[in-house]
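Just dropping this structure here.
For reference, chains read A, B, C and D in written order, and residue numbers begin at 1 within each chain.
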Amino acid sequence: MLVILEAGADDSVVAQVVERIEQLGLKAHVSRGEFRTIIGAIGEEKAAFPEQLLSLQGVENVVPIMKPYKLASREFHHADSQVAVGGVKIGAGRAALIAGPCAVEDRASCLAIAECVKKQGANLLRGGAFKPRTSPYSFQGLGRQGLEILAECRERFGLPIVTEVTDPRNVELVSEYADMLQVGARNMQNFVLLAEVGKAGKPVLLKRGPSSTVTEWLMSAEYILSEGNRQVVLCERGSRGFETEVRFSLDVSAIALAKHDSHLPVIVDPSHAAGRREVVIPLALAGLAAGADGLIVEVHLCPEQAQCDGPQALTEAMFAELMGQVKRVLAIMGKASG
Amino acid sequence: MLVILEAGADDSVVAQVVERIEQLGLKAHVSRGEFRTIIGAIGEEKAAFPEQLLSLQGVENVVPIMKPYKLASREFHHADSQVAVGGVKIGAGRAALIAGPCAVEDRASCLAIAECVKKQGANLLRGGAFKPRTSPYSFQGLGRQGLEILAECRERFGLPIVTEVTDPRNVELVSEYADMLQVGARNMQNFVLLAEVGKAGKPVLLKRGPSSTVTEWLMSAEYILSEGNRQVVLCERGSRGFETEVRFSLDVSAIALAKHDSHLPVIVDPSHAAGRREVVIPLALAGLAAGADGLIVEVHLCPEQAQCDGPQALTEAMFAELMGQVKRVLAIMGKASG
Amino acid sequence: MLVILEAGADDSVVAQVVERIEQLGLKAHVSRGEFRTIIGAIGEEKAAFPEQLLSLQGVENVVPIMKPYKLASREFHHADSQVAVGGVKIGAGRAALIAGPCAVEDRASCLAIAECVKKQGANLLRGGAFKPRTSPYSFQGLGRQGLEILAECRERFGLPIVTEVTDPRNVELVSEYADMLQVGARNMQNFVLLAEVGKAGKPVLLKRGPSSTVTEWLMSAEYILSEGNRQVVLCERGSRGFETEVRFSLDVSAIALAKHDSHLPVIVDPSHAAGRREVVIPLALAGLAAGADGLIVEVHLCPEQAQCDGPQALTEAMFAELMGQVKRVLAIMGKASG
Amino acid sequence: MLVILEAGADDSVVAQVVERIEQLGLKAHVSRGEFRTIIGAIGEEKAAFPEQLLSLQGVENVVPIMKPYKLASREFHHADSQVAVGGVKIGAGRAALIAGPCAVEDRASCLAIAECVKKQGANLLRGGAFKPRTSPYSFQGLGRQGLEILAECRERFGLPIVTEVTDPRNVELVSEYADMLQVGARNMQNFVLLAEVGKAGKPVLLKRGPSSTVTEWLMSAEYILSEGNRQVVLCERGSRGFETEVRFSLDVSAIALAKHDSHLPVIVDPSHAAGRREVVIPLALAGLAAGADGLIVEVHLCPEQAQCDGPQALTEAMFAELMGQVKRVLAIMGKASG
């Protein structure tokens, strides 16, 4: 850390800061400039240190030097990681192509969608059994019954299952059925849930919260990694912004930065960002061109009957068109379907 | 709802939209304008209807007319609500003056802070026993021991306790000790937790998420209210923004809008918005002047030793100064300490 | 427009709104629903009408139906437009590949950069002679001398010139030298400047302001178009956001939406969005995959000597790498260098 | 500045950075930590230096220590400044109470509004003669005729005039009539205009751009100050945000931070932030409680006839109510009408 003192800070301020730095088990290195005195604090930065030093009188600012995450960082693990989900590989040259309905609504429609996405080249099936909904009056998912339908789809079409878990008390239940546990954007900083999926031993898909920085996202990944679960895939699905023509603003820099700062695979969810199918395809391709290791999209054979998110669901024809383009972009990026 | 058709939508589109509206149990009212045809859907709007109609071919946009929340709305309950927390009243002319440490760190410091804030005029004590921290390596709170220390402070100084609950499995435990359950900003859309505190029968302090609209905030309140718990107090604590000199941008319009759209009491948390004590006092007064029914602030007698959020904690002198100004502003706004 | 009345609005409110609608030269169409009365205002919506109706007592909301722009819209001109800049075509299948220094700093470095970007496949040369700088103490550009250097580069390497104009009094001067006038992001709503470049009869590159919606962007294009200048190319260069690891958040949805709502060509500027060269390439490719008709990037042969924006300038090696990938992505998107 | 090297940077990197620092006329001070080497660059930081050092190979980050503005800073001028506008004082205990129509629409209505706001206690009159409008099809103001009407209002009611200038070619014309030149939010970084009003020798009201940081705002003030014009008043009028119930999010932290970092007076514009009159009063009071040295509000006697911004204009009754509350809040803040 670098501790920048206020202009005109005198020797007693310097002495107090140095004393506190040494109390924290670090070495202090004082550098007097023309306009400001800077004190370097040399040694391992613990999470609480910057705030504690910033609270001292006469301190103007504290600049941490180290990233606050470790296991998620490229410094810790230089090469791209790869996560395997029921035989499908994600990262390090292999792409997740996840598709399916927003929510599992009933057996027939879910089977039909699974068959469709399999035929068009998806390698993993998504579908929500426990749905986090903005309104208490909206459809909340079929729960265990939804998981059973997903399991049947896996049997029939050979697609491993990605499904969301929202309650730490349900992690065990969902783990019985799912091949990959999804933590939704609204739960990205639900640290209790993160710790629980960290213990579950299943691959985790961690969505970025709509106003989270890349560092905060990687800190949430660190919660899972530090429980011993190294199978984490990141997913960008849009920032909350001022544009009213889309639900969220897909943040392709978050994808590029996460790939730069971390070794974890990153995929893109264009459906929740767009909120309307007309722009799902360009956003999906943009995410892949920014470096994403795959995508997760919503598909529905009859969007106007969907219990949720119908406007953003791709029809079969649009999904087929998307998959054609996806293959070409992945080839350019040097990646193949997982 | 109003369903706006695309330019040039023909009679078959109109017929399909009308049919679907009637299937949903509503009456359709077609109005052909010079440039667009609009179809009104008359009757009760269910949460899924707008999306389902928007998914129909030839539909350009759907405009909901009703607010998506009910129990939280001023239409449902016109007069300001009042919530009582261990004898302290909040709302309808009475103000919460909540102060205390960010986290309960140890018995001695917590007792000292409680004594200080009581002396300066606080009417409720805050303090975290379960802390949601961005980093898994940060201090996570003392848990049950922290709750016991808070209870001792209540005994000694007669201050009811507000403390955060982060895990649905802990709602019962925290309810044993706390007078008011706090749901933090990061958990505003943790619907599992909202339902659980809705069942707990304790007053709830619901912070606004850093990128949540006022409508989404009131929808989260609706989760609690619809479980039968009518004792909800809202708390604004800042939006995620682009200014790097503060942690969050305190959103006084959110306060004014929540007071306009809802009957629920609203308070302001200037500490988490500011992130640095120099601007806590102006933000606190701004929140009250915007109509807030009280405030919640962090106080620490020795901020440079704090385990979390030291830079934003007010010292005793600053808290005393704040309380002097608060009383004057509340008087202008026609409010008294709860 | 649709005028939504407040709950419980009585007949006198309805009568007043109808009267005002008719005063504005429109026809009123009243529709009484279960919870709200809606009045359709049929006829041409002028810009001031929605606000005037919203100001009437008893009116809860006004919903415009028409887009507020005309000449920029796809409804007005269905097919993709193409703009020619000194022989280079942009839009409708042809891509602008604009590269060059941030600012023209001196003759030698500018000639060297122009030679380099030409060799690597750029078809237009960028370079600032009049620089809008955040600080009055920063290098403000060489002015006319910079324009002369750019003109020499055009002579030598056959690259038409794109350069910024910041002052309505300089539009004539800049037009003498430039093949395309750039209006910077900070001037997107400098309506005085927009009108002046609208009269200049030169192609215009209009950057999106960092907090402008797509509709506001197209309204600014409309200022230029409505002066009779139809040669407008849009350029996305990032939204102001909360992520501190990049300067701006490249908004690929703005590209997809602008292509959806307008016939005008759209290009992407990944350099100003990124602010650091490590993420320029992924952002450039993401913009093209989202549908952009080309790109504009900063290149410098010696970034550490640059007078401005050195950290985001690509080196020759990086620019060569980028151009290789760009060709492949454009091929997939069915586009060729303009 | 502090130059932070990448992990593992070797002696040759250190040598190159030191050499470059010395070329820039600064002294280098190397400090080798456990994980990173830091090089302090001691001496005056010029605007281009951080970027140039950041562009060097092996440099991870550069941390400037000095604020990039000088004349606007509290370090340069410690006490609150006061600006006099036609006899009315703003800052250092005196408050601007500026009111009037959005635009001057005609002589009669403007005189009537001026009479009204004078009677209710305003000390300055606002009104636009040159209007920056999002749409080229909207009313653009009466120009010189509007200025003449404003001058007549000043004659009749003794209210000095604040009016916007949007074109550098009109600064002289507007200065003939106005007592204070307003630079609108969209022109905050129109540096050409800033330089021109800096030369005009009239007090300037500088609005904050909707996505500008406080530092960028003060840099724009620096443009005016560095031309020799020290009569600058800042005005906060809202950030672009995600809440759709208001036009902009009033940013009270920007007020508190500007008062903290600068000696210049700061006022609040609640009208443009709100966009709807129901929340103008709470936002106005919030701005004053955050430390603003006055306000600027829109008033119209017949908002439903207004050519622009009718929905946010206060009626006479609301303005009277506001002024009553304003006096009480100013008294608490130790301020009096200018």
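Note that in this section contacts are C-beta pairs under 8 Å (C-beta built on N, C-alpha and C of every residue); 3 or more make two chains touch, one makes a residue touch a chain.
It should be emphasised that the depicted structure is a prediction, and the values quoted were computed from it without experimental measurement.
Between the chain pairs A-B and B-C, more C-beta pairs are in contact across A-B.
Distance between Cα centroids is largest for the pairing of chain A with D. Taking each chain's centre as the mean of its C-alpha atoms, chain B lies 38 Å from chain C.
Separation between the centroids of chain A and chain B, computed from CA atoms only, is 25 Å.
Residue positions of chain B touching 2 or more other chains: 211, 239-242, 244. Interface of chain D with chain B (complex): residues 211, 213-215, 239, 241-246, 249-257, 259-261, 273-274, 278-279, 282-283, 285-291, 325, 328-329, 332. Note for the complex: chain A touches chain B at residues 20, 46-48, 51-56, 68-69, 132-139, 166-169, 186-187, 189-192, 195, 210-211, 216, 219, 222-223, 226, 239-240, 303-311, 313.
For chain B in complex with chain C, the touching residues are 2, 4, 7, 29, 31, 33-36, 38, 40, 42-44, 63, 65-66, 75, 240-242, 244.
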